[in-house]
Each structure stands twice: as structure tokens, then as C-alpha cells.
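Below are two complexes that have chain A in common, paired first with chain B and then with chain C.
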Partner chain A sequence: MSFLHINNVHKRFGETHVLKGVDIAIEQGDFLVLVGPSGCGKSTLLNMIAGLDSISEGELLLDGRCINDVHPSRRDIAMVFQSYALYPSMTVAGNIGFGLEMRKVPRKERREAVDRVAKLLQIENLLDRKPGQLSGGQRQRVAMGRALVRDPQLFLFDEPLSNLDAKLRVDMRSEIKQLHQRLKTTIVYVTHDQVEAMTLATRIAVMRVGELQQLGTPHEVYDDPNNLFVAGFMGSPSMNLVKARIVEHDGVLVAQVATGDTTLALPIVRDREALSDWCGRDVILGLRPEAITDPASANHRDGNIHEAELPVDLIEPTGADLYVVTTLGDASVNARMRPGTPLRPGERTRFAFDVSRMVVFDPESERRIRDEQVVDSALEETA
Partner chain B sequence: MSNASPDRDGGARERLQRWLPKLVLSPSCVLVLFFVYGFIAWTSYISFSDSGMMPDYTWVGLHQWSRLWTSWTWGIALHNIWVFGLLYIVSCIVLGLILAILLDQRIRAEGVLRTIYLYPMALSFIVTGTAWQWFLNPGLGLEKTMHDLGWQSFSFNWLIDSNMAIYTVVIAAVWQATGFVMAMFLAGLRGIDGEMIKAAQIDGAPAWKIYARIIIPQLRPVFLSAVVVLAHLAIKSFDLIVAMTGGGPGNATAVPATFMYSYAFSRNEMGIAAASAVFMLAVIAALIIPYLYSELREPRS
Partner chain C sequence: MSAASPAARRGAATRAVLYAILLVFAVIYLMPLYVMLTTSFKTLEEIHQGNMLALPGEWTLAPWREAWGSACIGLECNGVHGYFFNSIKIVVPAVLISGLLGAFNGYVLTKWKFRGHKVVFGLILFSCFIPFQIILLPMARVLGLLHLANSTGGLVLVHIVYGIGFTTLFFRNFYASFPDELVRAAQLDGAGFFTIFFRILLPASVPIIVVTIIWQFTNVWNDFLFGVSFASGDSAPITVALNNLVNSSTGVKAYNVNMAAAMVAAVPTLIVYILAGKYFLRGLMSGSVKG
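This part shows the complex of A and B:
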């Protein structure tokens, strides 16, 4: 039995079907990130877990107990809101202690709990201030303190970092992660930022228009996406998607991409069994930018590197990497190369494709074409 | 020459554009200066003069002011305005807040109810006063209706009871202004972050505690605005009282404004009337000026 079990949960607002049967199960200590574009229903789902929205259909189990009709305050959860939702008329200490006060915890115990959390979050010197006197990052800490002080079974975070500036967001992100590792709490976290999802989660649930697209570890969601949507949503720059045709060439299954005057043939190593049924049919290839590099940076160990000479359309140095844009088929393709690779737009250069990381999609259903059992060796990261 | 002329034309147009707004605004500026500030100054002067039925510009110093403060009727008027103002402000705020909280519960006919509560504000004080005078008149209104319905022992004669008459004025004034105060509070309630209420629910606060501890403390600016608006309405109140009780029975509902009117126009004591008018202006200014100062300054900071 899993710790939090979202069992075929639906949500309807009148005629609109906001959540269309979501199934998610996580274990104690998991950090589940619900991620998706706005309007995908992730915040609604979080509000339903919190008890702030009713459940139209389905079942919500926390530690084996059905909490469908339990009042938010009795679910043993705490929530951190996007706007922080601090009580402006109370001091920081009052804010953090309010939940305990409502639960009739004696003043002395309350004070101790508040001090302990304030110490943990390094906000001891702010306890007597009002929220209006705090900076964004400090408010964020107070909001987390208010959740932590009650030591609940489940923490809910609703886009807690979206109101912070870029640098602070990165800092707070790692603090949340450290906090999770130290306290071993179970967290459900909503964000639209796939980088936050990748860095924080132990489990990612990718959602789109009320449907769960994929539930898995960050690694699974990133390297082994279920469909085109997940492939395109996770990762920045996003996965390159190229039209291709599967053909059998001298007994070897290859994906053919017509590009300019030549035809590129990328050998299939992953999902060979499933793809053998697709001979002669059009598919969509998915290749992460880091799976296309300069030959010197490529991982030649497994012999899965396929090289081809292609034109350089554009180069985009980011400092840490050099993104090279080329054309494959009729699509622009991003390749990640070692910074300082001497290239100029208009030149032709050799690109190294790591075909072991190539994923293939059905252009009609947009679903992934994959074998029943995923071959683990194919998923090993390139060094 | 031909080069200079468009330049000059442009210069003339520019000058006109610069002066036009000032030209357009100046007549009303002059009128306001004369009829508002001019007459304030004039009234202030009159309060230090020997004026009786007609203005008399002989300077008598604080003579009229000392007569005002030793006047027995002025004492009654001041006492009445305290009772009226305090009850009026407190009742309007309490009732307005309760109505606003009830209306904020996402009820269906909110728009209609809001309009109904706001309608009394659209009536003039004269109409309100006259209507309530009829309604509370023992021979015409509530008491007679009850008697006609067979409840012979029913008695409600506050309007003609000199100890209670001031409270009938309070009832009418509260009836008129409560909807307005409610609208102010409703706007304040709508401005409160919904996530805060959700957070309080998760924290386990019952609804009344959410209001008492979290929402109402945040409505402080609305309380301030309501008090200032109601306080100056109370001090200015004149037409409502004239229409309802005429200041009576006797002097039972006399307030500074009715005092001023009767001394200026029926008792031929223009000097005292001017002094009372200046005093009322000073009290209102003491309320409004700090309020306006804080309100107008805020956007800049």
C-alpha cells in the first residue's frame, strides 16, 4: 500500500471536466512534482489533496485512510502557497505559530516549536517583524516555517518559487531539496517549470489538460518519455523532433532522414522489437540536444555513435555549452557541443549522433513506440 | 520673411496650447476662490464682528465666541451631535460590516441585494427624513398600523419624546448610510487574498476566527475611511433633522448645523451663527485634512 494514493480522481466544474481520472501513487519520503503547462489541472489536484477543492469522483488515500471528506485541518497536511498567504496583521512568530494556536497547543510549547523551525530556516532574527517588512525570499521562508512547524504527514507546495527572482529561485530550490533530504518528509509540489521538476523530484507526474501523461523518476521522464508531449515539455532546450522513415537496410533497422541532398540513416538500437513492425512507415524521431555533439565529445565506448556531416546554420554559445543549430529533414535541430569548438555559420562539420538515446514516436497517436521491457544498458548516461 | 512666418505661427500655437488650459480653468478657479474660500474668510470675520440681523463689520474680538460657548442651546447641540455621531458611526460600521460579510458568502442574488442595500444612499436626506417622520409618527405610521391591526397596547412614540427623539434620527441616518458602508467593506473583503483564507483553513481556524484574526484586521484602511466619511456626514447633518424633527421636540434634536441655521436666519444673531459655523468647519477640517493627506500621499511611496 502506497503512502499517498490518488485513485482515479476526477474533477468537474459544471460542464468542464478539469481532471479526467488521475492515478498517482507515491511512497513515504517521496518528492512528487506535478508539472505541466497552465490549465493542466495540477493546481486543482493539489487543492483536492489539501481538501480545498472537493473531489467529483475517485478516491484519495493518505497512509491508508480515505481523506475524501476530511476537513483540510484534519488531513495532517501543510501547504505553502504561491502568494505565501502570510497573515499581514500578525508577526512572523504569530504566523508560524497560528496553526498550533488553533490546535490549542500551550503557549510555551508553541514558542519552542516556532523557535526550532525559525532556527532551521535561519529566520530567528525576523520573528518579531510583520510580513510587510520582509523581502520575497524571507516571506518564502516564513511560509515554509508555517508548514514545517506542524510536522505534518504530507507537505503541499503550490508553485512556491514563482514569485522570486531568478537567482533567489535557484537558491531556494536547493534549500527545499536539502530540507527534504534532511527531514525525509513526503512532498507534493506543483510547478510549471520543468527544471524545478527535474532538480527536486523523486517522482515526476507530467500532466496535460486534466490527464496524467507520465509518472516516473526524473530520469525516466527525461530519457524515456511516454509521448511527444512529455518529450517536448521536459528539457531545455527541448528535445529535437524530426520526421523520419523506418527502413530495413542490409538486415539493420535504420531511421532515414532526408536532409538536403543526402539521406541520413540512423541505426535503431532502442526498441528494436517494436520498431520492426514499423518498416516503411513514417515516424518522428526524438533526440536530446546532448545526444548530438561534436565527434570528440561523444561517448564512443558503446559503439552507438553515428557520425554525419551537416551544415552549421547558427551557433549559440551559453558559456557552459555551445549550441549548434543545423537542419535535419525539414526541422531545425539543436546540438550541444563543447564550448570553444571552432565553428562558423555556413560551414559544414561532423555531428556525432548517440543513437542509443534516440526515441521514436508514432506521428498519429503521438505515443512512443517502445518495447515492452526497457533495456537498461541503453539508458546509461553518456559521461 | 517667408522663413520666419511658420516659426512665428508655430510659436503662437505653442503659446496658445500652453495658455488654453489655464484660460479654460481660470473662471471656475476664480468662482471657487470667491464663493468657497472667500466666504469662509468672510464668515470667519463675521464671527469676530458685532453682526446681528445684518452684517456689521465692527470688530468685537472674541465676544461672539464667548457668547456661543456660554449658550445653553449650543451645549445641547454639542451633546446631541456627540450622541448622534457616536451611535451613527458605530451602528453603520457594525451593521455594514455584518452585511458585507454575509453578502461575501458567494450567495446567488448578491447583485440584487447589494443594490437594494445601496438604494437608501441614492435618496436625499430630505426624502429620508420625511419618510421616516411619517413612518415613526405615532398618528400616521408604525404605531397606528399596529393599532389598526389590533395590537392596541403597542406604543412607539420616540419621535415626540424629547428624551428619545435623537435616537429616531440615528435610526433614519443609519438606515441611509449602512448600505454605503457595506459596499466599502465588501470592496475591502474582495481585495483579500483567497489563498490566505485557504491557509487559515488548513491551519485549522474556524470561520469566525478567520474573520476576527485575519480578515478584519486587514480592513483597517476601510474602517478609517468609513469613520472619516461618516464623521463628517454626522457633523454636517442638517437636512435630515430639519425634515424629521425640525430640531425638536423643543431643542431635543438640535445639532450644531440646526443651531447655526436658527441663529443666522431666525434669531438674528449672525455673529454667533458665524462662530458656530467656523467651529464646525474646524472640526471637519481636523478630520478630513489628515485623512486626505495620508490618502493622497500613499501612491507615491
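This part shows the complex of A and C:
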């Protein structure tokens, strides 16, 4: 039995169907990130877990108990809001202790609990201030303190970092992750930022217009996406998507990409069984920028590197990496190369494709074409 | 200011003209107050000499004492002090209760929306546009049925009923911009309907509370029509008493006593403006700093 089980949950606001049957199950200690573009229903789902929105259909189980009709305050859930929602007329200590006060915890115990959390979050010196006198990062900490002090079964975070500036956001992100590792709490976290999702989550749920697209570990969602949407949404720069045709060439299954005067043939090593049915048909290839490199940086050990000479359209150095834009078929393709690779736009150079990381999609349904097996064994087989 | 350009000089000239005009208007506006104050400190003989604008030659507090304690209103010669306290007895509960009800209405209309909340608010708002005169007769009948006619209690009720429309409007608009997430956070923290109101919203409402107090206090204190209609005699408010004092003819018109009584009637609203106005500004300032 999973710890939090979202069982076929629907949400309707009048005529609009906001959540169309979402199924998610996570274990105790998991860090679940709900991610998706705005309007995908992730915040609604979070509010439903909190009890702030009603559930139109389906069931919500926390630790085996159905909490559909349990009042928010009795669900043993704490939430950190996007705007922090600190009570403006109370001090920081008052804010953190308010939940305990409402639960009639004696003053002395309350004080101790507040001090403990303040120490954990390093806000001891702020306890007597009002929220109006705090900076954004400090308010964020207080909001987290208010959730932590109650020691609930489940923490909910609603885009907690979106009001912070870029630098602070990265700092707070790692702090939240550290906190999770130290306290081993179960967290459901909503964000539209896929980097936040990748760095924080133990499980990611990618959502779009009220439907769950994929639930998996960050690694699964990133390297083994269920469909074109997940592939394009996760990762920055995003996955390269190129039109191709599957053909059999001397008994070897290849994906053919017509590019300029030549035709690039990338051998299929993954999902071969499923793709053998697609011979002679058009597909969409997905290749992460880091799966296309300069030959020297490529990992040749597994024999999955396929090299080709292509024109360099554009060079984008980021310092840590060098992104090289070329053209494959009719699409611009981003390749990640070693910084300092001597290249100039207009030249031709050799690109190394790691075909073991290539994923293939059905252009009609936009679904992944994959074998029925688990990913890891498929990779082993090709290795 | 060493080498003033023509443009700067023209700007200074415009400003001087502007200030001069403002000064003239301020003087015109303050003139009646000045005349009232100086007259109230003059003896009757000095007033009869006819120089209204002159300062008192001989300052005297006698008119004030008389107005407060011994001036004749109708047949009784006890001054206005009894009526002054009548007004206090009316104003304090009327302002507090109408303010609290308005705050409560605003809270429910914005944070606990129910089906038809817009219609209800519209109806409450409509009461702001009903002129005093229209409700005089029905209200007299209601007060009679409630056995509250001719009492300060009756006037309190009238002012509460009439004030709710305005106080609800003030608080509803204030709470409309109050973040809903705060209410949700408090719900998760285990706070109930009333706790959220008294612990979270009300303490954060100082600016609008001050606005409401200023508005309600001035309206109720300065009310004459309801007072004269529903509470004549001993339970009349000070505005009615002032009118009766001025109209009680005992031969010579005691202008100094009348002016002193008028000042007594005006002072509380002035005090509320001065005290509450300061809080009002402070409330606005803290809001702007919080951003």
C-alpha cells in the first residue's frame, strides 16, 4: 500500500473538466514534483490534496486513510504557499506557532517547538519581527517553518520559489533538498520549472491539461519519456526532435534523416522490437543535446557512437559548454560540445551521435514507440 | 539661487500667486471658526459693540461654563452637558456595532462567498443611496413596535441600520484585495471561521477601521434629523439640544453662550479627525512599505 495514493481523481468546475482522472502513488519519504505548463491542473491537484478544493470524483488516500471528506486542518498536512501567506499582524514566532496554538499545544511546548524549527532554518534572530520587515528569502523560511513546526505526515509546496530572484532560488532549492534528505519527510511540490523538478524530485509527475503524461524518477522522465510532450518539456535546452524514416538496411534497422544533399542513417539500438514494425514509415527522432557531441568527447566504449559531418550554423558558448547548432532534416539541432572546440559558423565538422540515447515517437499519436521491456534491460542488451 | 534663469523666476512667481490664492481661501474657510471661538470668549457687552473680528478685550470662560451647565434649553436650565453625554451614549455603540457588522459582512462577502453573494452585496450597497427622509416614518413605526421610541437606544439602532451599508462597502472593498491564501493557510493551521476573522483579518485592517470610525463617528455625531425625529426631550443628542438652546428665547440672544455650545458640539469630531487621522496616515505608510 502506497503512502499517498491519488486514485483516479477528477475535478470539474461547472462545465470545464480540469483534472481528467489522475493516478499517482508515492511512498513515504518520496519527494513528488508535479510539473507542467500553467493551466495543467497541478495547483488544483495540490489544493485538492490539501483539502482546499473539493474532489469531484475519485479517491485520495493518505497512509491508508481516505481523506476525501476530511477537513483540511485534520488531514495532518502542512502547506507552503506561493505568496508565503504569512499573517501580517503576527510576529515570526506567532506565525510559526499559530498552527500549534490552534491545536491547543501548551505555551511552553509551543515555544520550544518554534525555537527548534527556527534553529533548523536559521531564523532565530528574526522571531520577534513582523513579516513586513523581512526579505523575500526570510519570508520563505518562515513559511517553511510554519509547515515544519507541525511535523505533519505530508508537506505541500505550491511554487514556493517563484517569487525569489534567480540566485536566491538556487540557494533555497538546495536548502529544501537538504531539508528533505535530513528530515526524510514526504513532500508534494508544484512547479512549472522543469529544472526545479529534476533537481528536487525522487518522483516527477508531468502533467498537461488535466492529464498525467508520465510518472517516474527524474532519470526515467528525462531519458525515457512517454511522449513528445514530456520529451520537449523536460530538459533545457530541450530535446532535439527530427523527422525521420525507419528503414532496414543490410539487415540493420536504421533511422534515415534526409539532410541537404546527403542522407544520415542512424542505427537503431533501442526499442528495436517495436520499431521493426515501423519499417518504411515516418517517425520523429528525439535526441538530447548532450547525446550529440564532438567525436573526442563521445563515449566510444559501448560502440553506440555514429559519426557524421554536418554544417555548423551557430555557436553558443555558455562557459561550461559549447552549444553548436546544425541542421538535420528541416529542423535546427542543438549539440553540446566541449568548450574551446575550434569551430566557426559556416564550417563543416564531425558530430558524434550517441544512438543508444535516441528515442523514437509516433508522429500521429505523439506517443513513444518502445519495447514492452524495462529500459535498463534493453540498454544492457544493446551494450 | 545665484543666477536664476527667467524660467525659474517665472516658476517662483507662479508659485507665489498660487500660495496667495490658497491662503485667501484658507482664511475665508477658517473665518467662521475664528468668529465662533473669539465670540465664545467675549462678554455679551463686548459682542454688542459690534466688532465681530476683534479679539476679546477681556477673556472670559463664563459663556462656556453657562453653555455646559446652566443654559436654558426649553424650560430646563441645565446646559448641554446631559445631551453631550447622550450623544456619546449613541455614538460609541453605534460606531462600534455598525463597524463590526460591516467588517463581518465584508469578510463573508469576500472570503466565504456563497451563491448570490453579489446580489446581497448589491442590496446592502443600495441602502447607501436611500435618503434619510424616506425612512423617517417607517423607522418611527418600527421603533414604536420595539418600544424604543424617544430613547438613545432607539437612535443607536437607527444609526447602526443606516451605517451598515457604508461600513460593509468599506470593509468588502478592503478585504477584496486581502490575499485568499492567508485564509487558506489559516484553515490548514486549524483556525475556524471566527478565529480567522478576529486573529488574521481584523488586526490587519487598521487603515479601514480608522476610515470607518471617522466616517461613522462624524455622521452619527452630526446627525440632526434622526435625533430630532426619534429622540426629543431628555434623550436628545447634542445637535438637537444646540438647536433648542439657540431657539430658546429668554429675551436677549446670548451669542457667546450659543457659540460656546456650538464649539462643545463640534469638538469631539475634531478630536477624532486629529487622533484617527494620524493612525490613518500611519496605516497607509506601513502598507506602502510592506509593498
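By definition in this document, the second predicted complex is superposed on the first by the 375 of 383 C-alpha atoms of A that agree within 3 Å, B and C clash if a C-alpha of one lies under 4 Å from a C-alpha of the other, contacts with A are read in each partner's own complex, and residues count from 1 in each chain.
Assume a contact is a pair of C-beta atoms (placed from the backbone, for glycine too) under 8 Å apart; a residue touches a chain by one contact, two chains touch by 3 or more.
Predicted model, so just to flag it, every value in this text is computed and none were measured.
When the two complexes are overlaid on chain A, chain B and chain C occupy overlapping space and clash. Shared-chain residue A:103: touches chain B and chain C both.
By the document's definition of touching, neither partner reaches A:174: not chain B, not chain C.
Once chain A of one complex is fitted onto chain A of the other, the partner contacts of A:365 are absent, as it touches neither chain B nor chain C. Applying the stated contact rule after C-alpha superposition, one finds that A:217 touches neither chain B nor chain C. Of the two partner chains, chain C is the only one touched by A:132; chain B is not.
Under the contact criterion defined above, the residues of chain A that touch both chain B in one complex and chain C in the other are 50-52, 72-73, 77-79, 81-83, 85, 87-90, 98-99, 102-103, 146. If you check the complex, the residues on chain A that touch chain B are 47, 50-52, 71-74, 77-79, 81-83, 85-90, 98-99, 102-103, 146.
In the complex of the two chains, the chain A residues touching chain C come out as 50-52, 72-73, 77-79, 81-83, 85, 87-90, 98-99, 102-103, 131-132, 146, 150.
Chain contact summary for the complex, chain B toward chain A: residues 193, 195-196, 198-205, 209, 213-214, 217-218. The part of chain C that touches chain A in the complex is made up of residues 179, 181-182, 184-191, 195, 199-200, 203-204, 286, 289-290.
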